[in-house]
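Read through the structures below before going on.
Here subunit A shows up in two complexes: once beside subunit B, once beside subunit C.
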Partner chain A sequence: MDTITKATQSQKEKFLSQFKENCCIDTNRDLQNIREAAQAALEKLNFPTTRDEYWKYTRIAPILRGTYHQMPGSEPVDLGPTLIENMDSYDLVFVNGYFSPEHSSRLESESWLVLPLSEARNNYPELITKHYGQYADYEKHAFTALNTAYCQEGACILLKDNAQLDKPVRIINLTQGDAIAYHPRNLLVFGKGSKGAVLLSYETGSGNHAFTNAVSEIVVQENAHAELFLMQHKSDTNSHIETTQVFQEKNSQFQATTITLKGKIVRNNLNVVVDGENCLTRINGIYLTRGKQHVDNHTMIDHRQPHCESHELYKGIMNESSTGVFNGKVFVRQYAQKTNAFQSNQNILLTDQATINSKPELEIYADDVKCSHGSTTGQFDEEAVFYLRSRGIGEASARKLMINAFAADVLEYISIEPLRDRIEAYIEERYETVL
Partner chain B sequence: MASEEELLEEITSSEYKYGFVTDIDSDKAPKGLNEDIVRLISSKKNEPEWLLEYRLKAFRHWKSKVEPEWAHIQYPKVDYQDLIYYAAPKPKKTLDSLDEVDPELLKTFEKLGISLDEQKRLTGVAVDVVVDSVSVKTTFTEKLSELGIIFMSFGEAVQEHPELVRQHLGSVVPHTDNYFAALNAAVFSDGSFCYIPKGVRCPMELSTYFRINEANTGQFERTLLVADEGSYVSYLEGCTAPMRDENQLHAAVVELVAMKDAEIKYSTVQNWYPGDKEGKGGIYNFVTKRGLCAGSNSKISWTQVETGSAVTWKYPSCILKGDNSVGEFYSVAVTNNFQQADTGTKMVHIGRNTKSTIISKGISAGKSHNSYRGLVKVNRNATNARNFSQCDSLLMGDQCGAHTFPYIEVSNSSAKVEHEATTSKIGEDQIFYCNQRGIDTEKAISLIVNGYAKEVLNKLPMEFAVEAQKLLAISLEGSVG
Partner chain C sequence: MLNIKNLHASVEGKQILKGLDLQVEPGSVHAIMGPNGSGKSTLASVLAGREEYEIDEGEVSFLGKDLLDLSAEDRAREGLFLAFQYPIEIPGVSNINFLKTALNEIREYNGLPAMSAKDFLKRVKEKQALVELSGNLARRSVNEGFSGGEKKRNEIFQMAMLEPKLSVLDETDSGLDIDALRIVANGVNTLRSEDNATVVITHYQRLLDYIVPDFVHVLYQGRIVKSGPKELALELEEKGYDWIKEELELA
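Let's turn to the complex of A and B:
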């Protein structure tokens, strides 16, 4: 073993030991088996470095070096900053990864279950074991293994067949205190013919240098229609790794929108396996970075069955000395004929210190397909700004308009209006002083 | 669509036409690779001390490296100790006219349709023919030397212009660059050297034909092309190789240096033996090609038509260091049967107002895999850099694959970088449209493929365009007119 491997090895052990202490044991044997398998896998796996192609542009050493605490929030919970005006939703609130019942609306009915995962595990073990740990690959990915091995709590949303959620479900993860670490684990199952929208948000109440490592498994069964919104709005000293593993069955529709506004190192792995015919997949993202932020979006759409369609649109604005990374992969297997897959990534760099690394990939093994991808990096169209100014609009307002228009391509797919308004307001706030 | 399937069948079953072996005595080094072999190669070529040192340094570096595995290709590993690293046709004499060339060799070229005297008389192309590593005949050298242009084999250049070679060798592709470049730097046998002096516009297309001849002989060409201030040169490189069952390794290095206001146009047609229908045999082509736009307003343009080789691993690149420099990459890559190609380019923008264009057209048929892998990098200080990339893939048959792996790294806010890629098959509606106009399906496919590749073929010099179309036709016989 050379010195570098030794160094990472000891770093890995030190990092892991912080979580081992708080490890919990599942009473359900099946679930405990998964946990133990993940712990075993974690022993063998190394945390990725920039020498790994999959992590080429993202250095996670600062995360691994940190010292973390796992504990419930000590201060009273203030949900004020997370408030979305006019938004009517069922909320599940977690503080530092612990369920906060007084702020949450648990639902247990004929058509759906909206519960903390621990409770669902105890009360509906047969429903959970069927899906839990079946999609997110903890054998290969260290952070997924870390989550699977040491997760304690998360949200469980089960829509029974043909259930239609009347309101969106909001899962709020609030971090309070310094150097807090937790591993939220969510399971979302959309039964046959069901329909629903889920907003998963990460916010910071107080404190710095926290680390969250979230894994969500989402199953969209036949004819179901699922919408997911991921909002990352943690403070700029907190780091976040999020893995979302989606499994789509035939005739289903899935839409995800990832909105990254804050965070120190943010890494999103969004993987969609399309394992049925006639599916529609739409994944969008918007990332607005500033300061020394580093935001990395990795997506993968794996087309396994014919006659499916996927659309992907990621847009980013990088300011100051921040870095944006986009790596999108469309994988079309040989059997997946008649696939239409479109991917697009657009970036704007506001300063010379900002960086964007874009890697849109196509890997295609079927011939009767229509696939395309595009990536652009540039700046505001000065002619358009000039046009607006010639119509009597001030320069700052003109640029603001341009930013709104740039973001609008992604925001228009957000069906929940209050959420869209809130995000628009965030964007406006963000560029109030910059332009 | 039955007729289309028949055509695809025909395409997949077309035979390699240039497979034959020329029977010439050759002077071989023993199998294997160690420092002694490196010394042997160097002494055989009567090289100066510094070059031997360079080779040894490269060899030691190569030993410390492992073969890269990141490319989207799979092949049985090469046993580097089971190869012969030096083979020279003998006897080697100084030749002044074609009559002195071994008649066997002349026949080889006649079969290829590139007869030397034909070329000499009709096209005015100077040909530096490389057969198994040693340059046998260089034509037009005298004519070129009147203009001060140096165009000779690498070995001769080392003897006659050591200072030029020493100055530029490894300046664009250092021996530490990658595994295959290190191997090449250690054992390169011969190649071409070209120097265009200040302000000279080379009056003819320079051309080299590579040909791997001896069985079990790795071929390690080294090309170094220097265009001094304000000069222009168009360089052609074409390759064909005889049919062999064992896999043959080819690890070449091409270095281009363009000084201030200079322009280099480098065109390649590669048609090495791709292996048979079962994927047996064929050439392994691991090439490092890179151009340095060292001065301001310089320009390097790569054009390649890749139809051969079992495995291609090749990324002709441009380092745009000079302000206002321009890099271009035009490529058509055709893979059939079990061929695998992982090819593309790197455009590194360092200077201000640098521009690059990438047009890549992949066609995959049979059970082949064709990948585009490219990097566009805009450095912090590369103000107003501009890149446009377009990578299209055409799939023929449902057993093949087409992949795109672009890397785009931008660190300057004034950069404009665009990349687009599409993958599709020949539309039935397109064929139907042609049929309806009285064009049969075979001609229709030919028309569509031709049109698809035209953007790149148009960039080839006249003399080469004909051959390129011939090679496309061989690779996709039955569908290309």
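Let's turn to the complex of A and C:
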């Protein structure tokens, strides 16, 4: 073993040892087997470096070097920072990864279950074992293995066949305190013909240098319509790795919007396996970076069956010396004829120091498909700003108009109006001072 | 209304305007003609407040204020309007939202309350009819995917919406077919009043058949070298600019 490997090895041991101590044991044997398999996989896997193609532009060493604590947040819990005006939702609140029953609405009915995962594991083991750990690959990906090995809590949303959620479910992950780490684990199953929207948000109440490593498995069964909103609004010293593994059955629709507003190192892996005919997949994203932030969106849509359609639009505004990464991969397998797949990534760099690494990728093995991809990066269009000013619009409002216009075609797909208003307001606040 | 005295301006170190004088009174239409490179577009840019142009000497007052001291947006708020030679496309910003923002910022600057949605839409309807701009275009993103003629009509539509005191039309006739030219000119003529004034910058006499000027000025090498009544435009059309050049050389 050479010295570099040794160094990496000892760093990995030190990093992992922090989570081993707190590890819990599942009473259900199937679930415990998955946990142990993930722990075994983790022994063999190395954490990625920039020498791995999949992590080429994102250096996670600062995350691995950290010393972390796992502990409940201090009482009383202040949910102020997570407030979305006029939002009517069923909430599941987790503070530092611990379920907070007094702020949550547990739902157990004929139509649906909206519960903390620990409770669902105990009370509905047969429903859970059918899906849990079946989609997110812990054999290959170290952070997914880490989550699967040491996760303690998360949200479980099960919509029974033909159930329609009357309000969105909001899963709030609030971090409180310094150097907190946890591994939220979510399971979302949209039964046949069901319909619902879920907002998964990560926010910071207080403290710095936290690390969250989330994994969500999402199953969208036949004819189901699922909408997912991921909002990352953690402080700019906190880091976040998020893996979302989606499995779509025939005639289903899935839409995800990833909104990254804050965070030090943020890495999103959104993978959608489209395993049935006649599916619609729409994945959108918007990322606003500043300071020394690093935000990386890796997406993968795997078209395995014919007659499906996917649309992907990611937009970024990079300010100061921040970095954005976009890597979008669309696979169209040989059997997936008549696939329509469209992908686009557009970026604005507000300064000369800001960077974007954009890599749209299409891998097509079928011969009767319609696919396109594209990436654009530009500066602010100063001619357009002047044009607006020459009509009496002040410089700050001219820039605001242009930023809103840039974000508009992502925001228009946010069907939850209070959420869209919140994001719009956030964008306005963000650029009030810097423009 | 507008008083330009001994204006010298340069861009990227190159002197373009070299002592330009011009006076515009309310109710009048002035045409500024001149060969390529004489400084016509520079004059428009300097008046509108483009920052890449350096003012080396001279003064410009507009309604009693030092125009050169005002930001581009404040010039517009004081009542100056520039119809661009090449209007800019702004994807994602709707014409309507753009004009509502502009109109209300102008009103706020002048101490007026924001216009009600009803009055605003009424004005939109009325003014878009004036330049025969379809409702569909008015609602689309600013100039995005517009034809050359539609872009120019949109400039006049904006002018009609904002009701400026002084409008500077920079080569508004370039690239227009005869129908579009007639529509644009009709818009400008309808908006003419005793209180406002228009400066038409053009290379060709053609536009002046439709927008009849009170004064014609010849801009050459950064200065106005000759002024006269509307007949001067016809003379220029007939004899070309060489005649002016020769006259200058003799003098």
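To be clear about the criterion, the second predicted complex is superposed on the first by the 434 of 435 C-alpha atoms of A that agree within 3 Å, B and C clash if a C-alpha of one lies under 4 Å from a C-alpha of the other, contacts with A are read in each partner's own complex, and residues count from 1 in each chain.
Quick note on the criterion: contacts are C-beta pairs under 8 Å (C-beta built on N, C-alpha and C of every residue); 3 or more make two chains touch, one makes a residue touch a chain.
Just so you know, these numbers come straight off a predicted model, no measurement behind them.
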item	value
Partners on subunit A (subunit B, subunit C) - clash or fit	fit
Subunit B versus subunit C as contact partner of A:Ser372, first or second or both or neither	first
First, second, both or neither for A:Leu127, with subunit B first and subunit C second	neither
From subunit A, separation angle of subunit B and subunit C (C-alpha centres, steps of 10 degrees)	70
Which superposed partner A:Ala384 touches (first subunit B, second subunit C, both, neither)	second
Which of subunit B and subunit C A:Leu64 touches, first, second, both or neither	neither
Partner chain(s) touched by A:Leu280 [first = subunit B, second = subunit C, both, neither]	neither
Touching partner for A:Leu79 - first (subunit B), second (subunit C), both, neither	neither
Three-chain overlay, closest Cα atoms of subunit B and subunit C, distance in Å	16
Subunit C residues within the subunit A interface of the complex	48-50, 71-73, 75-77, 81-82, 84, 87-93, 97-99, 101-103, 105-106, 109, 141-142, 158, 162
In the complex with subunit B, residue positions of subunit A that touch it	53, 334, 337, 347, 349-379
Complex contacts: residues of subunit A adjacent to subunit C	381, 383-384, 386-395, 397-398, 401-402, 404-406, 408-409
Residue ranges of subunit B touching subunit A (in the complex, touch as defined)	70, 380, 393, 395-425
